[in-house]
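Shared between the two complexes below is chain A, which pairs with chain B and chain C, respectively.
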Partner chain A sequence: MAGGSAISGLVGASVHRKEDRTILTGTGRYIDDVQERGMLHCHFLRSTVAHGRIVSIDASAAREVEGVVRVFTGADMSAITEDLSFAQPIPGLHSPSYPAIAHDVVRFVGEPVAMVVAESRYIAEDAAGLIEIDIDPLEPVMSTTAGLADGAPEIFGDVVPGNVVHTDEQLFGDIEAAFSQADHIVEQSLDQHRWACNPMETRGGVATYETGSGQLTYEASTQTTHTLRFLLAGWIRQPIHQFRVTANNIGGGFGLKFSAYREDVAVCAAAKAIGGSVKWVEDRNEHLVAAGAAREEQLTLTAAVKADGTLLGLRVTMKLDAGAYPINPPSTVYAGLVRTTLPGPYKLPAYHFQHHIVATNKASYISLRGPWAVETLVRERLMDKIAETCGISPVEVRNRNLITLDDQPTKMITNVTLENVTAAETFQKLVEMVDLDEIKREQEDARREGRLLGFGVGTFIEPAPGTQEFWAAVGFPFGSEPCRIRIEIDGKVTAFTPQTPHGQSHETTLSQLIADELGVGFDDIRIVYGDTDATPFSMLGTGGSRAATMASGAVVYGSRELRKRVLEIASHILEASVEDLQIADGVVSVKGAPGASVPMAQIAMGCWLAPEQMPPGTNTEMEFVANYDGEGGGFSQASHACWIEVDQDTGKIAIKRFLVVEDCGKMINPAVVEGQVIGGIAMGVGGMLLEHSAYSDDGQYLTATFMDYLMPSAPELPEIEIEHLEFESDKVVGSRGVGEGGTVLAPAALLNAIDDALAQVGRPRVTETPITPTRMLELLGVIEKE
Partner chain B sequence: MSTREITVTVNGRKRTVHVEVRRTLADFLREDLGLTATHLGCEHGVCGACTVVVDGQTERSCTQLAVQADGREITTVEGLAAADGTLHPVQQALRDNHSFQCGFCTPGFVMSIYGMCEEKKAGRPVPCSREEIREELSGNICRCTGYQSIVDGAEAALAGADGGDS
Partner chain C sequence: MKPPVFEYVSPATLDDAIAALSAPDAGDVKVLAGGQSFVPLLSLRLAQPSLVVDINRIDELASITEEAGVLTIGSLVRQRQAEHSDVVKKACPLMAEALPFIGHTAIRNRGTIGGSIAHADPAAELPTVAACLDAELVARGPGGERTIPAAEFFTGFFTTALAEDEILTAVRVRSAGPGTGAAYEEVARRHGDFAMVGVGAQVRLDGDVVAEARIALSGVDIAPVRASRAEAALAGRTVDDSILEEAAQAAVADLSPSSDLHGSAAYRKHVAGVLIRKTVATAAARARENR
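Take a look at the complex of A and B:
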């Protein structure tokens, strides 16, 4: 439906997006669209050596090139900046600080070793090619195994002893008892490969320094303006009150743009040093090589189970390949997320989790859409293996272990209270929607024809936004969410959110909520984001699927406070009690007496221009900052089913059908929810079947173009069917996030389907990803493993 | 730097300009003409964000030089909507179907789908089934949507693109 006129009841409707006119006409302002007066362009020269000591660097020829304004070597940059440090007081965390531009040791292929600032990008790249750099190679560490080996080179020396960034183990319940009572011990391991966020817009920013005032503005492609500002301010020695960070259109983030990066530091510092405006936009090659990648973890799960498939206890070990340099958040957060979430919506009496986070000579390990996702992947595959071991179906094993609504409130073994969690109900609905006997028959028929089909399921919970307890267990702040809302002098509404939306449609969804709460027109509302001068502070920006609950709550509570003020004033003007008033289409009227009315514009104008003339004792402030605490927070949940066909000659896996039953509570805009779910699944499927941030043994990056790093395109993806449950909680804001769930759960359902296909031809389960056609042929035994 | 004079018609406006011979068409459109709707997602001809229509054909603007466009007629996303802001039917169909999220790949998809609709209007064969539309759109990468909503929008746009008046 169109979102034009002011009618109540927009929440729950697939209202047209506010964002679309801009993006469809190409009138947005993405970072490379920014043109500042006298703007210069920069290019980073990057290391081609994975690990080595810089012996010498000579930029004299580059400096001579006409159009080159400045060349910064590592030493030049370190003279005007502080090293980046993401260290936090976390026991046992070894978080090395590092310079914006390397001047001593390089630790991954792609690490910046010089920066050229010139009149054009073309000239900057030309000049960078003239810089002579001599790097003495050192032995690179290219895996967690290599990093942990005795005598391995310590890539940060004694700052990260043994290359162990962090290690910890936590025990919940009586694990020894669990294993002593077990009828079966079931083991499952997975070595997940590195893959990347790859937003279609790469990283970038434009820094502008005004020499007169000393003010620095950094317009960035970021998910979090406020955090970027306070992190950068110290490193670039800029007083924070003289520093503004802005963001306009952002071409995707997926977690990558949550951190501040060394290039951000260099660009801001260069603008200050030169006294002008400097643009940095990395190209795709740089992005693939240097921006960082995610998901490289190896896990082994050992489960104690009863003969009927009931889980008794679980031991988990995880090794996480952190790459070389830490970013934000600290890698302990990833380990904490995996540990805390892994038991999922299942009853688990005892649990032991141990992790090693290992530094290697690769680009940084970064957040990627549900950074904890491997927990669901390994758990859901374990459930299938338990089913096989106990001779029951994948459906039965889940039914026997899932926590249902009737079991709640209850605590996860990781001390997180579950309440209103409907993972079991989504799974039940999913099972009702598929005919398992029919699937079996189809598979058998296919086998007779020489074809190979597979079917897999999975279920999970998503901490979107999670709860206070959950984030305390992880070791990350939950935080409240502010929003400043203003009824303007003409009765229209402006809301300032610290969210930094980059595709999540917050301009639309937050406007829907305000329209319904305040009784103003959808088109009479503007959402302002991406400006530290204007929006209230939040550390988190847009990420972690928080906005559906947290930003929504902030605008709901803020709207209600302003509504209360407006109605109190109107009750004096209309001589009616507040309870008898209503607001529709920006007009306050007495219920049942539409003639008795006053436009909100009239009230607002009075409040702004002549507050002293407004009814005594009323609050005439037409601006309010609400802080929403999340009402305890909560989880969303879903179950997926995946049907595949394997081409046994080529190894190609085709997804024939994909079914989702999801419950994110009250949907604000179903089209937006479905967009997030489907987009998330596409990313999960791409990650499992196509994408790989691959390195050679000597540390060269192997997939530096989109011809090597394969992004899923339209033909590789199935039509995705979605069923919504919309469990109604008693919370004021009953909406939960769905941004990450598709990417978290789809790999599990897909790999279970692949394992199902392999089992039918007597082949072992997947233990390593990605499942490229070559790997599938290896798994099928058609070709030898390399 | 070596430059050359070229004459191009961009969104109906004819211009004669000097360009550096090594300047890509995409950079020429974005930097020299200020037409920043054409986006650069990979700069090596895979992602399709920079797709424009050149003499009636959809082409990548990142892997050709501005001088190659001499004497040709180019349409970019800026050339589709009416002056009063009314969306082109292709844009409207995509809007109605919630086709996009972050919007970065969007101009490339809009031009690819516009190109398909123009083919249909000219009476040439175009994809009919959703599967065929997916194949046809395989030269454009979107990271946000999983394509389903884009296929919805393309299907609607094609259904609305009749032969005859353009």
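Take a look at the complex of A and C:
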């Protein structure tokens, strides 16, 4: 690795995960494991109507049930809380505020209409069944098309006129000129369905209010303790200095747990009102219905291209189905991400992007692992269509348009500087690893036997973490990342990170970095996270694939500062110059003179207990907060290839082979990188073929259990082959995030493979997802579409 | 997703279980076998019984026997146990073929033969096997034992001819003799999911000619469906592509499946035809090997 992390061996090795002992032995602390003294349990009664006016609610019978402590209707809850508001000073954004529990209008099936707090969850559910609620149904809006139609019911009245949460268009370059010079105009559209995060641990939290001190603690399953704290504090009227948010083990998030939700407000407010401890663990049924889902967008792309396949210009329109209620971040961030990222690693001289974000009667649109992913999906499919139009191969069209390292630094048309971006190099490597002629031959042989094979590729860049310019273009801050590091009195190390790892292995990777930088043992380092009383502030927690660069940078700089202090003190003690000293296994010694040594523990003890006796002029503070600005940040990149076989009798798609060439810079832990890549691809494949968060036309939710919401399981997934390029930048921290990319790019390679199979039998391309067996037989013309 | 309050008993004998089921003050009683369908129903509060009678301790319901050309499988025999039974493989190859399609190993370790049949999910494998083979379902109630032919047992969507106070005690099928072959195929969204369409076929050959063909389908109606017209089309014929096509078309013409998120009606009809061709061809080939 260029740049000069002082590597003594752990960084770059597939060190066993620190997290595993706890998780695999079942000794973790997830929300359902939390037991507080006198803890009560709650259950939310939820609307069964997609859109309607609450006429009356009668909870008297529920209040009589033995073991019920309190029932909150919407009115009861609004008396002790503020409405949730995610409004931001964004021009043209219509962001309605809303109560924790509905008391007036319900706007999706699953919206909370009452909360029962009882001695057990069983009793709470029994009592909820006795609440009588009368809702006058209103016409629901179940698609962006319906929402934008003339005379559509405005689901938030004039707060969101015409149901348009936000609309905007942006022009980059001379689009008219591009289209007037075009040899071909290529159009491509896609209607992507809703699918969901579905972490193994659902949402949930335990709120505990101490009536004596007025202190409130909320232990939550969250990706961002600090943001949850500052958002909730105002809504629950809790002084923020009296409010602590913690997180322990977190069973996955995928972007879902980045926001604060109305249930969080209700649980905290109930604990305050009752003066005790209240637990809420969302069950899977609630989760599927009410937690929100992602990815419901319709895009149309029109490209101006030269006869040789060179891109001249691109017009894009996007409609995004936002569901009913806004959450964090504002939906303009999603639109900004799609707009800014869509040109990807390609040269694009002119670009026009227009979006409509539309409110509908569904659960909220939320972040899901690469929330901008549709840009890669539509762009990579467009590239294939351009290839077909121009009579060149999918490989050739990409080679003619990709930005290579030699072209950089350069600017994307969306005003983002690209530097050290190796998408083209990953693509080149991918192409070297596959025999395209052989693939063609196999396809022809298969067709002779009546079988149908498909092959697809794709490439992309991933803002992991992205750059200042990138986030400015998106309209979201790109903060620096802090870390507090402490050398303890015995020479061991504690680091406090604002990351809230929930599967990303930060306890392992950050420990590897500290071990190498400070010369202490991997097991002598503890990473503390998930406690607003202990960890430095960050708005982001774990999200946006920041940790590999940002959290790593913070621990590297923090470790280096402490190392400097230790060595300066040691140089006095050992009477040697700092340059001649080394630290290994927690012992400072003179290089080449192993006898001359002093344990770090001895230095640390002196610094903590008797700083005045330490060498004069040295810095004896054994704790330091580092802030890392990302050195400009950067991108990850990858290329995927996907081989499929389509069963023309049943429409089932088997993925025969999946190849990844990825470059996330210096890998801190290759096993962790591969775990993220594999998991990401599994999620992307599942999203395209299986997962569907579906509503009926009248707004009923159709996939409320795992019998109907189909997660990918091992037999549905191929072995995934991974090749790494590790581009060496001149940054101190050359590592980039890799958690989201698999989910972003895999759908594109897969759909391109499906389109390739369809083309071989003269059938049209996919325009709608998911690709169920029924849809596949419809596309093949075997059965009629209903 | 927490069950409502209910009383629970776990008798050790069939008589005690029937007594509990038929007690005058029993209210809404339900039998608990492997719990693989029933416990989720409880958690979703789709079942709200006042009393649950757990039959897992009743060992007399848990044996597999073959006598005088009749295979008897106790209702409490675990699906996994039947799947690995040499007796079942030989006497009822269709069931042995069908069992691995039920969920996953962990589910079959608990799920019982009788539980699946009593549950009568129209997409399930074992009711389809029972219908295909004209199995006899043995039931015991306060009035004693009776035998219900499969054709009368499955009365609709999750409903059977069992009375509230009856326990399904066993499934009986005639042992498959020489010259018989069986095949089971299904299409599900994922490995282990309930089938969108499943087909069980058993063919007995006399020389090269079909002496008897039995075909049943799952997932295409409110209960398992026998493809009688296809069976008739095959009888007395030699199995080749054109007769397979004829049989499949005859069967499919009678079907009117409904659509859901996982498969459209057109899809189910199409796949039913595909699977009939496939299973009958395989069953006939196996019958030939088994002469």
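List of remarks:
Criterion: the second predicted complex is superposed on the first by the 779 of 786 C-alpha atoms of A that agree within 3 Å, B and C clash if a C-alpha of one lies under 4 Å from a C-alpha of the other, contacts with A are read in each partner's own complex, and residues count from 1 in each chain.
By definition in this document, a contact is a pair of C-beta atoms (placed from the backbone, for glycine too) under 8 Å apart; a residue touches a chain by one contact, two chains touch by 3 or more.
Quick caveat, the model's predicted, so the values are computed rather than measured.
In the superposition on chain A, A:453 contacts neither chain B nor chain C. Looking at the shared chain after the overlay, A:100 reaches neither chain B nor chain C.
Looking at the shared chain after the overlay, A:28 reaches chain B, while chain C stays out of its contact range. Once the two complexes are laid over each other on the shared chain, residue contacts for A:692 go to chain C alone; chain B is not touched. Among chain B and chain C, the chain that touches a larger number of residues in chain A is B. In the overlay built on the shared chain, the residue A:254 is in contact with chain B alone; chain C does not reach it.
By the touch criterion defined above, A:199 lies against chain B but remains apart from chain C after alignment on the C-alpha atoms of chain A.
When both complexes are overlaid on chain A, the residue A:715 reaches chain B and chain C alike.
With both structures placed on the common chain, the touch criterion links A:671 to chain B but leaves chain C unconnected. In the overlay built on the shared chain, the residue A:649 is in contact with chain C alone; chain B does not reach it. Note: residues 122, 283-285, 705, 707, 713, 715 of chain A belong to the chain B contact set and to the chain C contact set alike, using the contact criterion stated above. Remark: chain A residues 121-122, 125-126, 129, 283-285, 649-652, 690, 692, 694, 702-703, 705, 707-708, 710, 712-713, 715-716, 772-774, 777, 782-784, 786 touch chain C in the complex.
Against chain B, in their complex, chain A makes its touches with residues 14, 16-17, 19-28, 30, 32-33, 35, 122, 198-201, 249-252, 254, 283-285, 502-505, 671-672, 674-675, 678-683, 705-707, 711, 713-715, 717, 719-720, 742. The residues of chain B lying in touch with chain A in their complex are 20, 22-23, 30, 34-44, 46-47, 49, 76-78, 80-81, 85, 87, 91, 94-96, 98, 100-107, 110, 130-131, 133-135, 137-151.
The touching residues of chain C, when paired with chain A in their complex, are 1-5, 40, 44-45, 187, 189-194, 196, 259, 261-267, 270-271, 274.
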